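Going by the order they are written in, the chains are A, B, C and D; count residues from 1 in each one.
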Amino acid sequence: MLASTRRGRKGMKNMRRFGHRCQNKAFAFFAFLLCSGGSALAAPPAPPQAAETSDVATLPHFSDHWALIATNNVAFTLYDGDKGTILGTVPAKMIDNLAISSDRTKIYTAVSMWSREDHGTREDFLQEYDTPHLALEHEIDLPPRALAVFKQQNLELSADGQWAYIFNMSPATGVSIVNLHDRKVVRTVDTPGCALIFPWAHNGFSSLCGNGSLTNVAFDGKKAQVTQTKSFFDADTDPVFEQSQVNRRTGQALFVTYTGMVYPATLSAQPVLGQPWSLQEAASQPKAGTGVQELAWRPGGKQPFFWHTADNRLYALMHTGPYWTHKQDGTEVWVYDVVQHRLLQRIVLPGPTASIAVSPDTKHPLLFAVQPSGKLFILSAESGEVTKTIEARVAGFLVVPTP
Amino acid sequence: MRVPLFDRVTETFTRHLASHSPRRQFLGWFSTFVAGSGAFPLLPVQRAQAESRASVPVPPNTASDFDRLAQSVDPTKCNYWRHCAIDGVLCGCCGGGVHTCPPGTQPSPVSWIGTCRNPSDGRQYVIAYRDCCGRTTCASTPDCHCNTADREMPIYRPQTSNDIIWCFGTTSTTYHCSTAAIVGQA
Amino acid sequence: MLASTRRGRKGMKNMRRFGHRCQNKAFAFFAFLLCSGGSALAAPPAPPQAAETSDVATLPHFSDHWALIATNNVAFTLYDGDKGTILGTVPAKMIDNLAISSDRTKIYTAVSMWSREDHGTREDFLQEYDTPHLALEHEIDLPPRALAVFKQQNLELSADGQWAYIFNMSPATGVSIVNLHDRKVVRTVDTPGCALIFPWAHNGFSSLCGNGSLTNVAFDGKKAQVTQTKSFFDADTDPVFEQSQVNRRTGQALFVTYTGMVYPATLSAQPVLGQPWSLQEAASQPKAGTGVQELAWRPGGKQPFFWHTADNRLYALMHTGPYWTHKQDGTEVWVYDVVQHRLLQRIVLPGPTASIAVSPDTKHPLLFAVQPSGKLFILSAESGEVTKTIEARVAGFLVVPTP
Amino acid sequence: MRVPLFDRVTETFTRHLASHSPRRQFLGWFSTFVAGSGAFPLLPVQRAQAESRASVPVPPNTASDFDRLAQSVDPTKCNYWRHCAIDGVLCGCCGGGVHTCPPGTQPSPVSWIGTCRNPSDGRQYVIAYRDCCGRTTCASTPDCHCNTADREMPIYRPQTSNDIIWCFGTTSTTYHCSTAAIVGQA
């Protein structure tokens, strides 16, 4: 009934509008065409566009070529890397964290907030979103998380979708273990002197320690068992990057140091360390040292590494400089064969870049590169060609789906 | 002083609303009107056909600058014809569409309205600028932030005022982005 | 004890450091100067810089040349207009509002927030900050406020410091009246069809209505009495700007319409309207009409007016364009004698400007001009000369102290 | 491989801390240390005098790029000598100073530390980068956002890690800006 009333009013308006036009001498010829009933036109006039229902978009299955990128200190914005367009928004601030489940049906954010924005009661949550609707489905209470700027390794998920691990610092350090099926914290494990999370293939994770060792926490839902390795790197002279990479399916890790040494490891209660190799030597250059005036190509940035596990390639964001430039923006991405310890490719970036990530597919992988200015570049990871340049106001933290 | 044609049409429309409903209840009535319009059956879309024809030229001396320069091809641009009085981030740049909210947000059942001319059929349409609500503001690229003001009125004429956060009756009243749905012909 | 231990360690370190230097052959000459005890230097070496206490800055009395400017959708940033530097930060989002008390000892923000950032429980407050410490001293509960982008006229204070008036819209319209001494809402008055707040000299305010009239609300703490004027402008053809100006000391208002007509009024339960005048005629130009293709100099922007009450000058942000360009950025500021209805000066701005405000002093008033890009310009309001250009990431809302 | 002088000095310092305190209690001890340093009586400031002398030249082959290029005149710039390992917004750009929090904020009693060389006296100082907390992030101009990393370590060496929000023990743990106070000579 409402619709038919509307139809009637539309008709009236139409008539009046055309009436006005026909009286307007300035439009004599144009008006003639319309006022004469449109007979001079080849086709009859199209019916007016119909009223539209407001609806809400849903997303298809999380594509290999999507990335969630921190923007504006209020959210992660979901980008379609092929089109360079936005698909949706997941709230999270600079101090918050985001991870995608292996099956890509869930997005989790570990967040801290105050009931009155910058004051009031502090609350910490693991928030669970379903990917198709980006709907906040659950908020799981957490003990106070560590607050740090953009540390992907402060929140990790197990590949089987059972566990989330959240790093805490108060300033005593520990890890909250969330059972994602029951949606609650089942255990908080102290990790004194150690930080960050590198999940194992099954039921556990390791953390990096200030003395150059690993703390390993086995937890299958019942009892937590903690082991400690011997030191394998010297944190005083050449620490391992926080942004070192792990394959959560296999528990294999690549720990990369400030100078560019790569320590491969298979994580478990008794981690097995592989042969260390140098990013520079693998590129037929001398090993880089720790000299404050020792010029070399060095890894650095806010998110300087991406391990493409399907291709077994390590992407490293590189710049030239002396030691202590581990936070400096990169100008090239060097692509390594992780097995052969061999440089495969050098991709010249369109400008100084803080962070990189690579889409997980092997067919036409995309390289996402974020500039400190907030500009997002999308490149072919094969050819290095820039396919999209977006004024995205993004910060240096990107999350792509990984196995 | 000559009152331009399209303004007169719009004024009649808004005056009609104003005079037939007690002001106190006006917004309530308006809400029902706009919310109800969302339930219209969608007629078969004739738009592709309409656009295959040449655009209907804008009468050069009775149209606003926006109308004269508007296009009907790309709804993610500020100069898309429906955006003659929008203030905000286009939902089409945020994972939604011209009448579609991005995933995770909720369309407001009430909205402000504009009256815009479609260059592809020469008709004036009433546009409901429904905000999508309940999530932090979409971080789109700056070219998706639009602020146009054809027939836009101050907040004491709320139905055509575009600085208001039109998130009434949604679960959360936080602003995410704005859509521009056709309500009907003006 | 801690201090003396430190002193001892310092001494040791110093010695070792110099020892190292003296062994370094590359520094033979330089080292000689230092290792020989500094006798070659004219003055004895300065003692090392002492350890510093962390403290917190306090502010002097709120200067005429300060302005609070909305920045980054999270705060109002307090700028010193003479130095072009930041003095402090008052939290408030795009939908929030800020006002300074007449005696400048208090800053009030009317804010709406959600307990979980973009969801959860909504709370509305009038927040009271003391100026010297920018300390949040009180949060006064409010009924749900109107949420709109940057509307200074949605929050007003009485000049005597007794009342705050907050505009509500749900979408029914009304005004909450807060007794600032008791710090609570004492009355909410319905203002159907009307919006915004223009305070009187004493105990009341007026609102603009959709039919071109004013609603006037007298409230002295006991009973609210509402009166209504006849229509004095035609909201359909030429509405009055929301950003029209009022002098809260005298209750005198300047209501400016989209075309540039100025309706002076003295507000009370029975407002007295003065003779309307045209911004264009006062500049020896024809009155501007409502033609959508009628080119004229017109007022417009986000905050297009400032009434400098001490000098009795109206500053208007002007651009060239047809009707319906009332939100367009201005390119010039036109300065009017409010009594004589005469253009005194045209200030050419350094670029398109969304918002203006002027410092309240008569000696060397400053003109603050905000660009849509977020750049802040500070100019001499007398000469129009730009004195500061700041990459301030500001939005179009400025608040300066007013009588 | 030659370890540069200043690195060795710093390493000794940090190793000293590490080896003499059980790691579990390290942070607690460190907090006391840094918090306590704030209570030092202030000696008469000799800085103006020191700066009237010519700066002490930086040894050209043992200093970091930051040290070589640092200045001791303007503490609101990223290249001010104390800012050799700062990550954040300088409080001096926000209404505070090099060891002063802006009004309405609260200094964190604990902090990360750096070791920086003062070009005006040639000495190395331990700097406590105390965050000012409890208010939304200062919206300073972009040139006041600094990110330097001399001797900066990962979060598993928290005492020299500058990505952490160092707002422990303040009323609210929200980050506003960062200061760089002298703790003593290195």
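The working rule: contacts are C-beta pairs under 8 Å (C-beta built on N, C-alpha and C of every residue); 3 or more make two chains touch, one makes a residue touch a chain.
As the structure is a computational prediction, the values presented were derived from the model and not from experiment.
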_Approximate Å spacing (C-alpha centroids) for the pair chain A, chain D_ = 31
*So, what's the distance in Å between the C-alpha centres of chain C and chain A?*
37
_Touching two or more other chains - residue numbers and ranges from chain B_ = 61-62, 135-137
*Could you list the positions in chain C whose residues touch two or more of the other chains?*
91, 117-119, 136
*asked:* Edges wherever two chains touch, nodes for the chains themselves; is that graph a line, a ring, a star, complete, or other here?
replied: other
*Could you list each pair of chains that touch one another?*
A-B, A-C, A-D, B-C, C-D
*Contacting residues of chain C [partner chain B, same complex]*: 73, 95, 112, 114, 117-120, 122, 146-151, 169-173, 192-196, 207-211, 235-237, 239-242, 289-293, 321-322, 324-328
*What residues on chain B touch chain C, complex-wise?*
1-4, 6-7, 11, 14-15, 18, 23-24, 26-28, 31, 61-66, 87, 110, 134-137, 147-158, 163-165, 167-168, 171-175
*Hey, which residues of chain B end up touching chain A in the complex?*
5, 8-9, 13, 36-43, 45-47, 49-50, 53, 57, 59, 61-62, 93-107, 118, 121, 123-125, 128, 130, 132, 135-143, 176, 179, 181-186
*Which residues, counting only chain C, touch chain D once they are in their complex?*
2-3, 6, 9-10, 13-14, 16-17, 20-21, 24, 26-27, 30, 43, 45-59, 71-72, 74-75, 77-78, 85-91, 129, 132-136, 390-394
*Can you list the chain C residues touching chain A in their complex?*
91, 113, 115-119, 123, 136, 139
